[in-house]
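Here is the structure we will look at, set down as structure tokens.
Chain IDs A, B, C and D follow the sequence of writing; residue 1 opens each chain.
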Amino acid sequence: MFATIFPSMESILVISLLLTPVISGLLITLFKRKRIIETTTIISSLLILIQGLFLLSYILEKKTISIFDGTFYLDSLSAIMIITISLVGFLTSLYSVNYMGRQYDKLIVDGKKLVRYYQGFNMFLFTMLLVPVSNNLGIMWIAIEATTLVSVLLIMLYTKQGSIEASWKYLLIATVGLSLALFGIIFFYYANSVYDNSFDSIHGMDWTNMVKNAPYFDPNLVKFAFIFILVGFGTKAGLAPMHTWLPDAHSEAPSPISALLSGVLLNCAFYGLLRFHIISSHSIGPEFSNTLLIILGITSLGIAAASIYFQKDVKRMLAFSSVEHMGIISASVGFGVFLGIYGALLHVINHAVVKTLLFFSSGSISQKYQTKSIADTSGIIKTMPVTGFMFLIGGLAIIGMPPFNIFMSEFLMLSSGFSSGNFLASALMILFLVIIFASFGKHLLHMVFGNPKSEMKKGDLGKFSILPMVILVSIIFVMGIYVPEPLQTLIEDATKIVLVGGVHS
Amino acid sequence: MLEYGLGILQALLIIVLASLIVGIMRKIKAKSQKRIGSGIFQPYYDIVKLLRKDEVVSDQSSWIFRATPWINFVTTASAAFFIPVFLVYSPFGVVGDILLVVGLFALGRFFTMLAGLDVASSFGGLGSSREMMISVLVEPALFMTIFVIALFYGGTNISTIVSSANDTSILVVPGILFALIAFFIIMMAETGKLPFDNPSTHLELTMIHEAMVLEYSGKSLALMEWSHAIKQMILFTLFVDIFFPWNFVEQISLVGISFGIIVFIVKVSALASFTAFIETRVAKWRLFRVSDLIAMAISSSMIGVIFFFL
Amino acid sequence: MDLILPTQIDLLHISAVILLIATFGIVVRRGFSDWLHAYRYQTIILSGIVALIALITGIWELYIVSALTLGIKAIIIPKVLFYVTKKLDSPIKLEINPYVSLRISVIVSALLVAMSYFMALQLPISSDETISVFLPVSFSLFFIGLFIIISRRKALSQIVGLLTIENGLFLFAVVVTHGFSLIIEIGLMADILIGVIISSILLFRMSQTFDSIDIKNLESLRDD
Amino acid sequence: MSENLSILYIIFAFFSLGVTLGLFTRGQKYHAYFTYIPSTFASFLTIILSVTIFSSEDIHLTFFNIQHLFDFEIFIDGVAAFFLLIIGLISFAVSIYSLSYSKKFDDKKNNSALGMLFNVFIISMILVVISNNVFFFLVFWELMSLTSFFLVIYEHENKNNLKSGLTYLVMTHLGTGFIFASFILMYTQTGSFSFDSFRDVAIIPQYVKDIAFVLAFVGFGTKAGMVPLHIWLPKAHPSAPSNVSALMSAVMLKIAIYGIVRYLFDFNAIGSSPDYVWLGVGIVVIGSISALVGILYALVENDIKRALAFSSIENVGIIFIGLGLSVVFAAFHLLSLSVLAFIASMFHTLNHSIFKGLLFMTAGSIHYSTHTKNIEDLGGLIKKMPWTAMMFLIGSIAIIGLPPLNGFIGEWLTLQSLLAVFQIPSNILQVTLAFAILAFALTIGLAGATFVRLFGITFLSKSRSSKAINAVEVPRLMLIGKAILASSCILLGILPFIGINLIVSAFDLPYTPSSPFETISITNTVDGNFASLLMPGVLIVFISVLVGIFAFVRIIGGKTKTIKYGTWDCGFGNLSEKTQYTATSLAEPIRRIFGIFYKSHNDIDVDFYAKENLYLKKSIHVISTTRNIFDEKLYGKVISGSLFVLDKIRKIQSGKVNAYILYIMITLIALLLFVGFGTHE
């Protein structure tokens, strides 16, 4: 229905999408009072969600939007990202009002820190939204680098030892990783410039331009470049050998932020990796990048399987399960079958939803039990029946129990693994999934059931924290059995892009 | 209609002659131990005397204790219906086969063990636990021998076995010989003969079957004794029919049948005296060495199987 | 491309060599302030190179870029870091025993330079003169920076290592793409500046809580 | 056709009614009735549905699809109807039983959750049996495991319930992994997820079907409790509330058998060429081992529900023997024998679900009135709970396979199919299968001993503890529940043709359905009567002999009185219950013979009146324990080994930043080398 109005309507939509978090960030710096900050953040993230949905319906019709002659380019792949970011962002803003509010009352966090938190929160949303929108790869890189810097600020919100260590490691590893990624980008840019005789430096960096010229790139250069990109963005996406920062960063950050980090930021980095996977599969065929993705995917699955059993801290365990799920997504993209990529993109959404639910519920649980260690929390279903139930559903969903949504995407991915012929990788995947099922299940059961150690009065914390969890649980149940129509077509278009790299414009 | 009459006659024959065989065995055992011993018809007098006596029943026990003698008798007596005595085939053969006979014995043994436990005395428990052990080992041996016989004589239906044994009379085949040894050992174990269980004494060390029926008196004791005798008789008849199948009556004639009955009695009493003779020669083995003896029976029937297939 | 006078070619080679020597300077030194001085010289040389490339290729934006690098990287960032080192309350301002002794680290950096030259040969970049000279240098700058982060114990040295990687990256970008559009250039500079500010805040926090900026006491979060 | 469908909808309506009522009537007094009455109606309707399906044709329709490949389709043919019958019959009896059994949980916990999960559990089982698409089969399969898992940890206060719950969940998930792998293998060939595509055999090459069948067999075997993968069963079933463990043991194990039968029958994974023999022999071997191991552990078990769980493993083993034999015979084109073996295993499946459900319900009523499951401190319950004792007796006679009841028929058929092995041409096979007979016969013997022990110690003689003394008979509804199953036990025993005709029509086997009172006869090669059995005839013989002997005793003996007096105590005076045999001592001789298997260990502590005088013993306390070699040796080793390896891998998270950057540098250089050399070839 928007197509009829003059084309600039899309540009207004995109610009407003980007500007809302920036404006609310400014508003927050002006008014310092707690009530106003919270309401502005909620309103801004609600606005983002609505604009995201409009954009989604738009892309469903017109497949792509490109404005300011190519600096901003959206297709169904970036639409999936925007939807996850806006949905999780909105729910996190609701939850952080309750979570930070309680911390504020308990004087863990003072007024200044609260302001800094909400500023960081909005800037985080802005930088993350910038990633899927930008067509120019340099801007995309800067956006991802900015997400790192902003999230470091958010992680070091508390001044205790653990958060300093976590933020230092995160800053160092992420910056090293991203500089590697920049190396790769410049290599691609160089490959583009060397081939294209009518080389205009303005559009050289655009993804659409690169995909168009990809078949003519020099194969060796592309291989070198993709390696740098893979290691660079792989670090940020938490793939195997480079995942070491992830458990520390996610367990030290405040729960709403680690929900954003785990649920959405990893996907943005993987989105960047996916963009370059398309270019390289265009220029030298998908086998090269597929094998690399499978290798990294299976190793990260293996390392996650190895470490979940020994975890003593809930959020570290959840962080390792994010490593596991990013490994599954990258391996199934690597399988390179329509069903597999469809499952992987579906899994991006499912994982974001379930991981956010888990971080929310574990956040309130650790607030009530005043400890993050698994050994001390038990009998949650008794002391906090609603949150306990949510945590149980989230836990069962994350380890792939069927009636929930993750099982559907894992089903698709594993079947694509078998039908694409790499039996060893799929067999390993099933083995690691079972190991993770056993170890995660052990901790989950210990926490949810049994009788609580110290006498604790029954009662959940705050209506606001329950609301986002209820929404998430309903999404998990619905998506477990039925994937809504528009989402199905969106993911199918995105799969067409990734598989064939078919560029519409 | 005549066959059914003969069938019932066959069953009655087994049921009636059972105590006679017990009497003969006791007589021979006494003679071989240089004592006179009671007359061969003494078991009949015992049963009649017991039937007339009042019963003393333990106050701990439940209805199982009182029902077991009846169940025991019914199962063993109805097993007698399927065993051919002088006719080659038993008219009731179509109703049940040798597996049913084994099952009926097992049902009887199950209830006897329960009755042993029911009276809440350590004797009963002792008897049941030892009986449990022996029955656990005897079952496989019994099934293996049945397997061998079924292989050689083509079927588990007793009439088929006996008639094919009668036609072929190939006693010399090694497989059948091993089956014979195994069946003999099982027979001794099943009826509680000496190497396994000493029926005559009431000493805790030796008694298995006696311990379970210790608490019985009057009618129930009579029934228990009688069913034990019938079971022994059935096993003897099976042994005789399968391994020494001489002059069975083909065409039904009065003279043929009476001659058949006489030959049957001679054969069974010969077998009874042989077992009695064996009993006097051997002492009671320690309980846990008994399992090696039954294991020998199992292995011999296994060899029988292998002989058939090779 | 106009004809490059011989003097310009060996000028390029000379400047490449000087840059490598400055990087080795960082690797060899022990004290905090020595690192920062070495880093400052390196950045000055770098901006000189950029100006030289601008002269050769005749692209006027490069002059602005070299001025920018001189301004931000050579002056502001070292000043910030000097300020931070002065404020650190840990008495001794030098690194006693890094993970890899200095002599071995020099050998390793030489190895890394050789490896980057070998890697540069693999790549089919031959056309432009400046690229074939400066590509291996940027690789070696990158790997040496990486090595400094790995082998040093003090947090400050890790920041300097990070900045060396940034310089290598920056050189590679300028050489290969003759400076992509200004927006990205400014974006890069802004990122590095914010990065340094945040890491100095972290340095302050570290020195207050651990009263030494040694990485050794940053090992509590692990899977033992 | 349409009225079958309407019955199906009504069934789902009733079950969901049960679930919703279960949720909303949390605290009220009559919540038990609200949750369990709908489930009784629904399961009754399931029986009717399955019976109608036998006669009319199958239901096959697709409802909706959530993705182009996943469409929710239902296919109820004879095979599904047979298993629907089992589900219906047992859940009908168990729902009536739990109408009053769930009163036990009234005080402690919100037992509406129990009612709700109970209904969801039954629906998911029905849905598993009727679903026709891989995705929905797996979803309902795991939903079934999930609900049964929640029911297992229903009393999650005590620790080992949780532990056994976890082992159960992990083992079933492992099983599902195998099933998933096998279905996907088939999918790769046929390209669609629906079972219909698996059915047209042409396009699937033989070796794929082999691998798929082996994977499916392992997967379904884990759920059925095959030996190497059985350790969860004795842990999970006893910790669930008894009405649920009755359902789990009687019905859920059969759903796993359904899966294997589906593979064997529908996807005819087994071609009829001799090279399938090794598959059949494998199933027979595994079956006999499971039977033997299951019953050996059941014999020495003191917790009544654990013993029943172990005996389920034994019976699943017997079912596998039947299945394996039918595969072996099919491989040698001996069609009639393969049909006989198949009927034997299916008949045993039906029987086992009936008497196992009965036994678990009786165990539940014992637990209901004496609040303990350990038979060591039970005893003398027959006087206090006569009806429950009667039901347990019928159940145990059936499970041992003694003549009048249905267990005997199942056993008799399996033995006949084992005996018919001599018609197989190859000799080596005959000898190996002969060993299977040995194992099977030993199992029958041991089963007899187990249930003598269980029945004898719990019900007979003096009660050993205060709990047993003040036990009281369970309410009437529970008795009705059990009576249904007990009467179907007797019915199937006396008139076995009902069961056999049922199976023949369900699987439409080429077996001439015998007339109602016809004997089950098998003819051997020379068409003599190999074996025949006419159970009604046996009953007539029983009655006539009984009448005969009764008359004889009455005539000869005349009227005699029976006097009640104390048991013979060799004059020592009133015997306390200490002197009678305990459960452990009853099984002691057998434990001694199978010592190598049990590794039994008696620790005896004696205390004396006076330290110096070692002859005056005050008391001797003997605790004899047997160790489960599977738990310690096999699983203990595997788990600790893998944890050791995992521990090594996780050390990379060492906490040092330098190490982390080093990992990145190494990966970079490794990949570059990997690419570097790649480009130059």
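Here is the rule we go by: a contact is a pair of C-beta atoms (placed from the backbone, for glycine too) under 8 Å apart; a residue touches a chain by one contact, two chains touch by 3 or more.
Source: prediction; values computed, not measured.
J.: Taking each chain's centre as the average of its Cα atoms, which chain lies closest to the overall Cα centroid?
T.: Chain nearest the centroid of all protein C-alpha atoms: D.
J.: Looking at A-D and B-D, which pair shares more C-beta contacts?
T.: B-D
J.: Please tell me the distance, in whole Å, between the geometric centres of subunit A and subunit B computed from their C-alpha atoms.
T.: Computed from C-alpha means, the inter-chain centre distance equals 80 Å.
J.: On a C-alpha centroid basis, what's the spacing between subunit A and subunit D, in Å?
T.: Inter-chain centre distance comes to 45 Å.
J.: Distance-wise, how many Å sit between the C-alpha centres of subunit B and subunit D, to the nearest whole number?
T.: The separation of the two C-alpha centroids amounts to 36 Å.
J.: Averaging only over C-alpha atoms, locate the centres of subunit B and subunit C and give their separation in whole Å.
T.: 101
J.: Multi-chain contacts only, two chains or more: what residues does subunit B have there?
T.: Residues: none.
J.: Which residues belonging to subunit A are in contact with no fewer than two other chains?
T.: 168-169, 172, 176, 220, 224, 247, 307, 310
J.: Pull out every residue in subunit C that's touching 2 or more other chains.
T.: Each of 122, 146, 149, 158, 218-221, 223 in subunit C touches at least two other chains.
J.: Looking at the complex, which residues from subunit D come into contact with subunit C?
T.: So the residues of subunit D in touch with subunit C come to 650-651, 653-658, 661-662, 665, 672, 676, 679.
J.: Of all residues in subunit B, which touch subunit D in the complex?
T.: Residues of subunit B touching subunit D: 48, 51-64, 66, 70, 73-75, 77-78, 81, 92-97, 99-100, 103-104, 106-107, 109-110, 113-114, 117-126, 128-130, 132-133, 135-140, 142-144, 147, 150-151, 154-157, 159-160, 164, 214-215, 218-219, 222-223, 287-288, 291, 298, 302, 305-306, 308-310.
J.: Residues of subunit A touching subunit D in their complex?
T.: Residues of subunit A touching subunit D: 168-169, 172-173, 176-177, 180, 219-220, 223-224, 227-228, 230-231, 235, 241-242, 244-245, 247, 292, 302-303, 305-307, 309-310, 339, 396, 401-403, 407-408, 411, 414-415, 418-419, 426-427, 430-431, 433-435, 437-438, 441-442, 445-446, 449-451, 480-483, 488.
J.: Show me the residue ranges of subunit A that touch subunit C in the complex, using the header's touch definition.
T.: Touch residues, subunit A against subunit C: 136, 138-139, 142, 145-146, 149, 152-153, 156, 159, 161-162, 164-169, 171-172, 175-176, 179, 182-183, 186, 189-190, 193-194, 201-202, 204-205, 218, 220-221, 224, 247-248, 251-252, 307, 310-311.
J.: Looking at the complex, which residues from subunit C come into contact with subunit D?
T.: Residues of subunit C touching subunit D: 99, 119, 122, 143, 146-147, 149-152, 158, 215, 218-224.
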